[in-house]
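Step one of this worksheet: look at the structure below.
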Amino acid sequence: MKALVMRGLHDVAVLERPIPVPGPNDAVVRTTVAMVCTSDCHTIEGGLGELKDRVLGHEAVGVIHALGSAVEGFRVGQRVAVNAITPCFKCENCQRGFTSQCKVMLGGYKFTTQKDGNMAEYFHVNDAESNLALIPDGVSDEAACYTTDMMSTGFKGAENARIPLGGSGVVFGMGPVGLMAIAGTRLLGAGLVIAVDCVPSRLELARYYGADVTINFKEQDPIAEIMRLTGGHGADAAMDALGSQPTFENCVKATRAGGVISNIGYFGHGDYIKIPRLEWGVGMGEKTITTLLCPGGSERMGRLMRLIEAGRVDPTRLTTHHFKFSEIEKALDMMTTKSDGIIKPVIHFD
Amino acid sequence: MKALVMRGLHDVAVLERPIPVPGPNDAVVRTTVAMVCTSDCHTIEGGLGELKDRVLGHEAVGVIHALGSAVEGFRVGQRVAVNAITPCFKCENCQRGFTSQCKVMLGGYKFTTQKDGNMAEYFHVNDAESNLALIPDGVSDEAACYTTDMMSTGFKGAENARIPLGGSGVVFGMGPVGLMAIAGTRLLGAGLVIAVDCVPSRLELARYYGADVTINFKEQDPIAEIMRLTGGHGADAAMDALGSQPTFENCVKATRAGGVISNIGYFGHGDYIKIPRLEWGVGMGEKTITTLLCPGGSERMGRLMRLIEAGRVDPTRLTTHHFKFSEIEKALDMMTTKSDGIIKPVIHFD
Amino acid sequence: MKALVMRGLHDVAVLERPIPVPGPNDAVVRTTVAMVCTSDCHTIEGGLGELKDRVLGHEAVGVIHALGSAVEGFRVGQRVAVNAITPCFKCENCQRGFTSQCKVMLGGYKFTTQKDGNMAEYFHVNDAESNLALIPDGVSDEAACYTTDMMSTGFKGAENARIPLGGSGVVFGMGPVGLMAIAGTRLLGAGLVIAVDCVPSRLELARYYGADVTINFKEQDPIAEIMRLTGGHGADAAMDALGSQPTFENCVKATRAGGVISNIGYFGHGDYIKIPRLEWGVGMGEKTITTLLCPGGSERMGRLMRLIEAGRVDPTRLTTHHFKFSEIEKALDMMTTKSDGIIKPVIHFD
Amino acid sequence: MKALVMRGLHDVAVLERPIPVPGPNDAVVRTTVAMVCTSDCHTIEGGLGELKDRVLGHEAVGVIHALGSAVEGFRVGQRVAVNAITPCFKCENCQRGFTSQCKVMLGGYKFTTQKDGNMAEYFHVNDAESNLALIPDGVSDEAACYTTDMMSTGFKGAENARIPLGGSGVVFGMGPVGLMAIAGTRLLGAGLVIAVDCVPSRLELARYYGADVTINFKEQDPIAEIMRLTGGHGADAAMDALGSQPTFENCVKATRAGGVISNIGYFGHGDYIKIPRLEWGVGMGEKTITTLLCPGGSERMGRLMRLIEAGRVDPTRLTTHHFKFSEIEKALDMMTTKSDGIIKPVIHFD
């Protein structure tokens, strides 16, 4: 089979690899649609260290090609989505409910980091009974593929925000995850949804996904505007979908006493992330800071796909570009440089 | 009446003041017992800005002296405890359940910051129906006075920690609040309670209040030891009862993926409190950071006093010194310098 | 002023009464719009015992006419909505967060049961600072009036249901509260919303408010259909918006293991409500049963009105009839007999 | 191997059976200590239908005898406890967190109901990685065996009760599960723990396990006494550890508005369990009813054993009798008739 392989830092190529073979609890899926994630670009640049000869990718759907001897409830040929995070669902952390922290912190993230990823014609799925999610007839492969990371991650940001019905929420950073955080915040009943970015087309998409107000931080001071919109209190919750010191800091500043700072982003640099002391109520303002790593598992995936099927959200509006798998390197380049207004490129395996 | 007045920075004296008069929803209490808090020392040094002619103090109990015309359910002469935090219980933040953030962030803290405190022979209580808590016959004034801040604050730290039954919790800083966090962690069912400090007598008291293990950080690396005690995972929760960069940072490091960093302390310095990036799981380790400000209100006070009455906890073991009100300045000096092994001095108004 | 007075069982009349006078913490509101509730009909028939000379009504909005001396933050002339439930926000139950159970069980319900109601030209509001909710300019009196009971009650049913994002919820009984439970379930992110009733026009309205599927129980077995729609598991939650043995029982049967039965209705008859043993998992199926009484308070009312203002929900689609206050007895008759397809009649005070 | 076999209704015998063989994810344990549960007696009488040739028992600990090919993290010879409930941890219900409802309602209960039980010299453990819990050196087999059902079940009753720190809880029925509910309620920080039964020796044991007050319902009206003890409000939570109409009904009556009725018992008879309407607040008193089935899994078992190891609770005080496995039928008889003050008999396999 063909697979996108990271041979070393800044060095990727499509290479021939053997089709994986499932162990007793595993499955192998033939890929139909995959997506490039900005974190793939980070990985190539060394975000996970100097990986060698590792297949990349963690967002893919396809058709069951082979099943392990102990796997029940599935059959070859079924359409399935597999979350970027594939926990064992057995270990202590999984039993505690923190499946993304499987065995160790961040340990649920296995594609690319612990084993080959799924930007390949076939891919291996550990603990298949819990990690294979059937795709309903009414949901396209492309739409389903968004549940493997963008929707699950962005929506979890909104779930962690715990905004009361009719309350207010702000999302900083209108990349695909931030846009899904907007959609999730709206779906969960917020009465005032605010999007902050500096790219007009992304802010427009934020309105499509449910933002009541958009703030272009190059034109307005977002904190002053959020305070104005919330009667001087701040929002019930603020979500950082970027993972940067300025956006994190703005989340603390934008949140009211007793509110939630729901971090969604990956912090890739520096020794520390800094909490502004005064706006954090000198450590006594009852502002809660939460974090997440894309939650996986077939049960959640099923609910996310139901939301698509029922017309609650259409994630395919995030798709800006389509490529064949043979064009994958071009897609990676564009995702790295964010050229041509790219938000999310879909990779088709025919 | 006589009252301890802050005339300006570093300038306090016992002065004569008029006995307060209650408005329709207020009460006035004749003080029997009060306590000096380390934060009184911070206040004198300018922690709340340059207060002038303000009565200090926020930990006191006494006897109802006068009641406002609209106050129901109480009568003059009853023994009552009044929490350091006296919310209105009416405003939006109070209705949201964040009574310590009454009206504005930290706004429930009214003694000293918004009006005269209660280190005086009489003191004023706003919103008396919710803020007067009857002291049961079986609870001494001294014991009851601990519910006004030390117990309520320390226990809330343990409540925020949300340690599962039989789980593990660490408290950094064995001052009186940290010791009460130890007691609260034990009371709430943790199976492994760890206390960290560097003063042997305080660590001994931590054992009395329920610590299974004590770590003297001058003798051992607390993080290495906590990791060893928790099978390499870290604790379910870590509490910072000091409010300093090193202890906060240790809380993040000491906590397992999915755990809780429950801040209890007041951060008095600097622009930022810094979260160590890697141990925070690069923003994805599902470690939650919570904060608090001593929760008030008669309902909670009643439960805290029941715990004393039922023998679950004896906070008076925190008392190291007794003074008459006329000796208050000496008590303040000792609390500032932490001399003679002082933990908590009790001030008696006879 | 004119007021609708219950003189005794089955005996109501519009009579002249003195305009109420506020105590220090109270307000008096001049009514602009009110609504008849089915529970008013129950009251007339003796549901609250044999009330004599009591003004009826608990759903009304208006303009501040007078304010008590201790009330801050409001001024005469402001448009306000007042919830059917007007807690004191001071007592032990209120401090515990159960404001509808103010002082005693159901004690937050004061209009009609503990004092005169508000189907009158003016009405009295206790604890005004917490119970007066400003109506935004963009919200009509009629729409705001729905937040005083129908929306607050129905939405709370959906909140108690705690359906996970994309999960499934069923509501039995498409009266106005049940329809608002449908709207709330949809607003809170359910992926499958099912409405059960036997009146086609109400089921049609259920679709308008967000039901994906409607079941006419005269044409289909609702339990069999719900099981079919949920893959044989049952729904994540079922809400009883009627308060009858058959609907309650169906809620238990319609709910999956680990699900929630969220009761919204008032049970007016019999010594017992019966839980079907087998479908309740012989007491071990982890099905949780919750109940509620319309939550009040200005903070919640503000959030409900924001949902109207932001276009999330338009409760006025529940309005089937309009009457002048002088026609109130006709409105009551129609509400009692449910004639002419009446769902909710609006009473206008000009 | 020898095993206690139910040949049919009211017909049990110790018979020779083959030692089980593990599948890839399973383990086989050599039993060292087991316990008879009252539900074994119910099973023999037909509680699970007319089982034929089924090995009984669900409370046992032992030593790993064999491991499946895919099981990691364990080795033959280790001392292990296995909960009565052995979920797959893979299915939709398990992923939702309702592991005791594995696949279907009550489906986590596999011993006896879905496969042979463990009152035998060896027993089979499905999904071994999640269901084998290592017994620490400081915990005896006898003590560990209590975590397999009595402690996990009783403590979960107390966890579901969600009593606030210093609040009040009542447990009805001082069998071994009820006594563990008392211990759990105390461990979780209640300030007033009330035990209700009619057997003086059991009430005495309740005091040992942490009850502040015991009520012999043959001597006192328990509801009147609970009301007196709680200032007329009722308790924050009431637990039914028996599973009978009178105790369930008393739980509803004993609970304050906004409180929790935490059912722990198994309801074996009748079509309905009845909720008393008035004391349930006519369906609006915000009293929540929860249920449970003994939660399993190695993570929880580890925490329960830590509580034993740390001296928080000594479950072996429940042991009233010891038997060799060859005397198992005598133990069953005594458990059925509850003769000789039996609470819990321990069965030793030497």
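Going by the order they are written in, the chains are A, B, C and D; count residues from 1 in each one.
One rule holds for everything that comes next: a residue touches a chain if its C-beta (ideal position, glycine included) is under 8 Å from a C-beta of that chain, and two chains touch if they have at least 3 such contacts.
Since the model is a prediction, treat every value here as computed from it, not as a measurement.
In terms of residue-numbered contacts, C-D and A-B present the same interface, as over half of their contact pairs agree; the other options in A-B, B-D or A-D do not. The chain pair A-C and the chain pair A-B differ in C-beta contact count, and the higher one is A-B.
Separation between the centroids of chain A and chain B, computed from CA atoms only, is 41 Å.
Each of residues 92, 96-97, 164, 302 in chain D touches at least two other chains. Partner chain B is touched in their complex by these residues of chain C: 23-25, 69-70, 88-92, 94-97, 127, 129-130, 297-300, 302.
Those residues of chain C whose C-beta lies close enough to touch chain D in the complex are 92-93, 96-98, 100-101, 104-106, 164, 233, 243, 256-258, 263, 265-277, 280-293. Every residue of chain A that touches chain C in the complex is listed here, in rising order: 155, 159, 164-167, 184, 187-189, 191-192, 212, 302-304, 306-307, 309-310, 312.
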